[in-house]
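Letters A, B, C and D mark the chains as written, and numbering starts fresh at 1 in each.
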Amino acid sequence: MYLFGEKVKDPVDHPIIRPSVNSVAVTYDVANDPKCEDLATAKSHLTGEKINRFTHVHQNTRDLVKKVKLLRLLGQKTGVCFQRCVGMDSLNALSIVTFEMDRKLGTKYYERFVEYLKHVQENDLVCCGAMTDPKGDRSLRPSQQADPDLYLRIIEQRHDGIVVRGSKVHQTGAVNSHEIIVMPTRTMRREDKDYAVSFAIPSDTEGLIYIYGRQSCDLRKTEDADIDLGNARYSGQEAMIIFDEVFVPWERVFMAGEYEFSWPLVNRFSAYHRQSYGGCKAGVGDVLIGAAAAIAEYNGVGKASHIRNKIVEMNHLNETIYACGIACSAEGHKTLSGTCLVNILLSNICKLNVTRFPFEIVRLAEDIAGGLLVTLPSEKDFKNPEIGKYMSKYLKGDKEVPTESRLRMLRLIENISMGLGAIGYQIESMHGAGSPQAQKIMIEREVNIEWKKRLAELLAGIGKEKQNDSKVF
Amino acid sequence: MYLFGEKVKDPVDHPIIRPSVNSVAVTYDVANDPKCEDLATAKSHLTGEKINRFTHVHQNTRDLVKKVKLLRLLGQKTGVCFQRCVGMDSLNALSIVTFEMDRKLGTKYYERFVEYLKHVQENDLVCCGAMTDPKGDRSLRPSQQADPDLYLRIIEQRHDGIVVRGSKVHQTGAVNSHEIIVMPTRTMRREDKDYAVSFAIPSDTEGLIYIYGRQSCDLRKTEDADIDLGNARYSGQEAMIIFDEVFVPWERVFMAGEYEFSWPLVNRFSAYHRQSYGGCKAGVGDVLIGAAAAIAEYNGVGKASHIRNKIVEMNHLNETIYACGIACSAEGHKTLSGTCLVNILLSNICKLNVTRFPFEIVRLAEDIAGGLLVTLPSEKDFKNPEIGKYMSKYLKGDKEVPTESRLRMLRLIENISMGLGAIGYQIESMHGAGSPQAQKIMIEREVNIEWKKRLAELLAGIGKEKQNDSKVF
Amino acid sequence: MYLFGEKVKDPVDHPIIRPSVNSVAVTYDVANDPKCEDLATAKSHLTGEKINRFTHVHQNTRDLVKKVKLLRLLGQKTGVCFQRCVGMDSLNALSIVTFEMDRKLGTKYYERFVEYLKHVQENDLVCCGAMTDPKGDRSLRPSQQADPDLYLRIIEQRHDGIVVRGSKVHQTGAVNSHEIIVMPTRTMRREDKDYAVSFAIPSDTEGLIYIYGRQSCDLRKTEDADIDLGNARYSGQEAMIIFDEVFVPWERVFMAGEYEFSWPLVNRFSAYHRQSYGGCKAGVGDVLIGAAAAIAEYNGVGKASHIRNKIVEMNHLNETIYACGIACSAEGHKTLSGTCLVNILLSNICKLNVTRFPFEIVRLAEDIAGGLLVTLPSEKDFKNPEIGKYMSKYLKGDKEVPTESRLRMLRLIENISMGLGAIGYQIESMHGAGSPQAQKIMIEREVNIEWKKRLAELLAGIGKEKQNDSKVF
Amino acid sequence: MYLFGEKVKDPVDHPIIRPSVNSVAVTYDVANDPKCEDLATAKSHLTGEKINRFTHVHQNTRDLVKKVKLLRLLGQKTGVCFQRCVGMDSLNALSIVTFEMDRKLGTKYYERFVEYLKHVQENDLVCCGAMTDPKGDRSLRPSQQADPDLYLRIIEQRHDGIVVRGSKVHQTGAVNSHEIIVMPTRTMRREDKDYAVSFAIPSDTEGLIYIYGRQSCDLRKTEDADIDLGNARYSGQEAMIIFDEVFVPWERVFMAGEYEFSWPLVNRFSAYHRQSYGGCKAGVGDVLIGAAAAIAEYNGVGKASHIRNKIVEMNHLNETIYACGIACSAEGHKTLSGTCLVNILLSNICKLNVTRFPFEIVRLAEDIAGGLLVTLPSEKDFKNPEIGKYMSKYLKGDKEVPTESRLRMLRLIENISMGLGAIGYQIESMHGAGSPQAQKIMIEREVNIEWKKRLAELLAGIGKEKQNDSKVF
């Protein structure tokens, strides 16, 4: 694992990495908290044991709804990306698609997958769901790229397994994961067969190299800062993973050339992951709304009508995201595999809203916070005996509120609006689970536009009324 | 009943009124259509009989979800307001509040109400839910108005019933209803006691006067037009009702002075009615989206990327509305009365989106339709032998599509964007079930902002961590 | 001239048409009003005489700015489209392009045009600028259409002139014009040569047929209504014109086959006309903002903070439109012909904002107006002795304001938001001077994106710094 | 001067500060560049000498327009805030208000000011315009604060000058300035007399303490980074200034207790400064638009229709800002002092758009950039011999573009969207020259709403037509 050009020996205690470990840890904490247990744990349909919901395969729409509520709760508790839903969403998508492959092709992938799932559940593992390839020139297909490795591919099939080469980028939580679950990133055609590959391997498998992604304001974590971090305890994590000729034994291979199942896997994974954002981003939104309401109070303007109006708007946008997360869950359905899938149209609607509303919520928070958000001197100045007193004196807002609280709250808002938290709350909201254009394409596909035209024609008196035009949702 | 300054003898066959009757009729048709039966009917929890869902009191969240789907279906079938949900929402709100009144005050309202509900269910009645008073000067309370009748009030309590005077305005479907269910329109204080009144009466009760509201393009219905109406079969209906000293027998009185229950009734009714719009407006949205997609094709630009992008956006906005309708339903809960209530926060979120998105959907439809939408000569010109040929020739779009179809589709879009349909799809979306500011006030009330501040403070390191800060949604 | 399937003998006194005549009349009135003279008149650069600005060819940027201010003033005075700018914009565009044609091709068009312009100025004529062809299947070029007449074309060249056939649609003010100035509607190629035609003819030339466009709520004008019209005195006008083999003498022909000058003419005309909307629509916006502020007061909520906030927003959007109109004028430049042309990029920016902001201004006005906007009974009811008293009593708002004033103001808002005024304020804002996609294409063309990339590369340290990278606006 | 808790000896070469010095330097470079001279210099109305425009007092609307164009040019060249307009705006505002004070009060401030202005022009000084006080509890006036120093005030008047105490916060470019020009920050009443104070002092005056504001990603400047900075050469600068009993001689005092001129000064300064943003932010917008277009190309999707559509939208928003800047300049007017003032309404419109559009431009840039924007490993990784090759291989986009260029462009976008550049482009856009609510209040004041109501009433037929209702803009 590399970071800032150096190999990191002990990632867990590295000041840049540690806060991201803390965030993942909360996914374990809530499972042990009786108040959260109902959301944070589930009963395994395989073993009947109580398991962490992050390792669960959804059995019904209640499970889907609980997932969204769990993610909102964790967003509220951490204020960042806690990195564990990608794995959960991978497991659920694979449970459906391996089943369908076996049904259609007579393969044995589902059986393998179920064994793997038990392993994950029993050991309560964190899985990294690795889908996105580097993609090179985006106007070309995998097999057309100048460099054939720009999408991860099988370079050798052996009796005991496969050897792969390539890379997966934007890998949230990769360094904090026990397992890496690889999936293809797009529709594949026959000529892209070698790129249709899915498997799971331990994250310390030979040949894996991690390069840690740098983030806005990451160096503050090396400053021995507390106030200036805004959110000192938690952060997210992104890395690119290099697969430098990695061997995968057959029992961990879930797709190897069945290119026609590449799109179904992408499609299901994306649907689940677009649902996820209806939970976690609403949770981070709650934190930012709370921070905006708090700083308004500290500034002495908590009751101004224009401030209250902005906070209502922030809540409105945030709850709209959440409502879409709930709706695509409540409207889910059980697939033949037994796994319950979200409503794909509505989960895309959810995500497309997530590519918009957090940005407006941030803008409103920045409006409420005031210019001090970016002109505030450092924590070190505040703690300096000579000049700290001036900061204490002159940066005081409401006289009941310590200046330090005001500084802390501004730094939290800075964190989410342009610092470490902005990665998760804004750019991940935009591109995680697919960029907005991907959602637009799915919405176009999922909507029955021919039928809507027919509705209009019937009312406009065009064409003969067909016998069977009632559609029931 | 008055219309255009004249008393109308036969409303049903009046050309202005008839299309609004047709819309209500569809609420009966779907109940008899096996394809729609599951949505359009329910089993009465009182009698066990199969009843029209519009007379049903929701027993669980599935009922709430089905309501939304039924309303979307009817919006799709009629393209207008079919006027029957206000009554349904009144019945559900009264079922909760009469129960609560009895529990707290020892009254017998719930019993009365249940008898009334049976009557409605057995006879499959259309009820008009009459809440909105004229309100006069909005900065004054009911009892402060220059004219005490500007809110409907009890002017006499008799041994056999009460006598009321006042008016209810914006009464959707009033002239098409069997029953008028009156409710107070706002919080009342002790001094407004006489205004805290709820009851049900047949719509032909003595002393009731209806004045029919005029609508954009209403006179086209008197022209013997077909094409120019856009939606020739269906329309909505609004009226103001004058209560000119109307007597109501006690067995139909559900509130008479219990002012502290005025707000709970308004609140529950509004919550249900704000949910409704997540269904019906999405249904009308479907029609308009279909119309936009059709006219684009007729114009020969159905595949242009900017057109497709706009149609995706229309669908996105429309499904967001629907998702909020589903979410507030799926997150409903059973009240002590046994009636299932929607999630109040989310139903307000739903409605606030409805005050925005249909306007943008209309704007996009108008963009796609082109200027002909408002420069098109009349149907009479088109049918005139001398000049009709010029219109046929010059207004031809795609050569496979008859010019008449293009005219019809444009008139349908005109109908929804600025004609008869715009009343329901736009202004009702804005003000029905309360204007946007009412939703903002409710959102402010329903959101736990103190707790969100606490979330922010915990992450920012402000204050001590309290023992019990996990909240589970 | 046909209207509702009948030939109209006396258009001027026809109740449907009359208000549109009144609007044009105001363009004469202001020229005689000493307070408006500076805006409404100009000194002819040809004759030195004082002329109506609508017949003027802009000599400098002050002229361009005054044009915008004049149009705003007229929008304020009429609340509708006063129909005379299209002609002014045609004259200005032709003054540039005929000059350029002569310079390049050695033709004599400019000379002819100047003679014509003198005629227009001396007689203070209203000109209809006729650009938009029916276009048929929009994915096909003029010469590819199934029917070759779907774009207006020369069908015969004679010694004394040309004969044309075709139609021009969406012709604002056509029936109120003295002259029809025809221009091509798009880029033409060699094969579309016959479609590259421009000329001017008196509006009563043989072979011209007008079919009057119907408008939302047009029939109210036949009702003997006053209140219900909202804006009883003024309205706009649209018509389609049929050119049924019309002869044009050479002295009035300004283009006949010079296809390579079709786009320059369209481009200049569009630029001027997109500027126009920065004036007139801001003027109508002023009326609607005033109406919203007035109805808020009549309702007793004029001082509520959410109302004031909405009115500020309406003003903000309206002034942004105006600012763009001013900017593209102030940044105009003199062409070789001596005519001053607007800044083309900024006039497209202006118009693209006009396709958006009036819709939001309307939505806010509808929000402020309240539901009564569409549930109000008719003027006939109000004047009916039996029920008018109920309306008077129950529709009273602020006690100092007569109920009739409230009705009148609501009807004015209805007029602009969905009635007769909505044609001009909304759909014309969308499609007049070209639909939004046309502006987007122009913005893409006019912006120097290569140079912006270079700015970014310089700062990012990509490539060598070129010697000459300063660009001055 | 303090930074990170330490006194800085040599600010100019401090790695955190140096890039902000570079930005100011460009304001001198352009004055010496013959291509920019017309914008960057002016002829002093006092001395007739050629001076840097930043020291000029606007003599006509051409000067105002050139100012906007100069600022756009500098925004394009630096991509950040170049810090020198605040001083220019202060000088212009003072030139008007000192003149008005003298006229009304018989004081000699204008004379003093003119002497000072000559000094600034002759020495081509950078001035920091210091207006914003810390403000403490914003619901209280200056004299009501718990600590009387929370607004800067005169604590002693002496025969030779005044002594002041307090602080000015958010001081853009303070450390890079030769002079500090202090102005009051709001309307003052008689009881706030001591707070109505304006003066100019050299930035190294005794008693001045600067505490440097920290910024998002500031530490990258200490890393010896080049690529990772995005914009390695330029940055902005913010500081808080402490006035620890500072003496100001009378010849540099421009207001000392004349509280009724506090608002006129704030109002004029704000108007000029809100105009400024119509230039500089459009310039930075150009850089970001260019960066988005470039990265789209590097990614191989430069021609995708959805990308082109987004870039058009970015340009549209950016040019709207610029148009407002131009409009408020072109509509400026000469005051009695001889200084030309912008149109106040339109400059507030300009700024209110600046609080919105850059945020959407950023959102679109982030959309186009892709997720790599925040998952990219560091420059040190890229330059590391072991893993740099993987980054080179796998982060390659279009095969003609070096991977390093892609990294550089992404870092530039990161800089403007959430790094060092975001301070100037986003938060300064929001709060600089006053927060959005301040603009809304000014728009409400500047708009003649009574007259707009009258326009509506005239058209609606309410009240008698008054003789004199034409207003000419």
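Rule of thumb we're sticking to: contacts are C-beta pairs under 8 Å (C-beta built on N, C-alpha and C of every residue); 3 or more make two chains touch, one makes a residue touch a chain.
The structure presented is a predicted model; accordingly, all values stated were derived computationally and were not measured.
Q: Starting at chain B, what is the smallest number of hops through touching chains needed to reach chain C?
A: The distance in steps between these two chains is 1.
Q: Would you say A-D or B-D is joined by more C-beta pairs in contact?
A: A-D
Q: Approximately how many whole Å separate the CA-defined centres of chain B and chain D?
A: Whole-Å distance between the two chain centres: 49.
Q: Just curious, how far off is chain D from chain A if you go by their C-alpha centres, in Å?
A: Going by mean C-alpha positions, chain A sits 37 Å from chain D.
Q: Please list all residues of chain C that touch 2 or more other chains.
A: Residues 306, 309, 440 of chain C touch two or more partner chains.
Q: Can you check the complex and tell me which residues of chain C touch chain D?
A: So the residues of chain C in touch with chain D come to 30, 33, 35-36, 38-39, 65, 69, 72-73, 76-79, 226-227, 230-234, 286-291, 293-294, 297, 308-309, 311-312, 315-316, 319-320, 322-324, 326-331, 345-346, 349-350, 352-353, 405, 408-409, 411-412, 440, 443-444, 447, 449, 451-457, 459-462, 468, 470-473.
Q: Would you mind writing out the residues of chain C in touch with chain B in their complex?
A: 2-6, 132, 134, 136-140, 146-147, 149-150, 166-167, 169-171, 209, 211-217, 219-220, 222-223, 228, 238-240, 242, 244, 299-301, 306, 355-356, 359-360, 363, 366-367, 370-378, 380-381, 383-384, 386-387, 390-391, 393-399, 414, 418-419, 422-423, 426-428, 430-432, 435-437, 440
Q: In their complex, what parts of chain B are in touch with chain D?
A: My answer: residues 305-306, 309.
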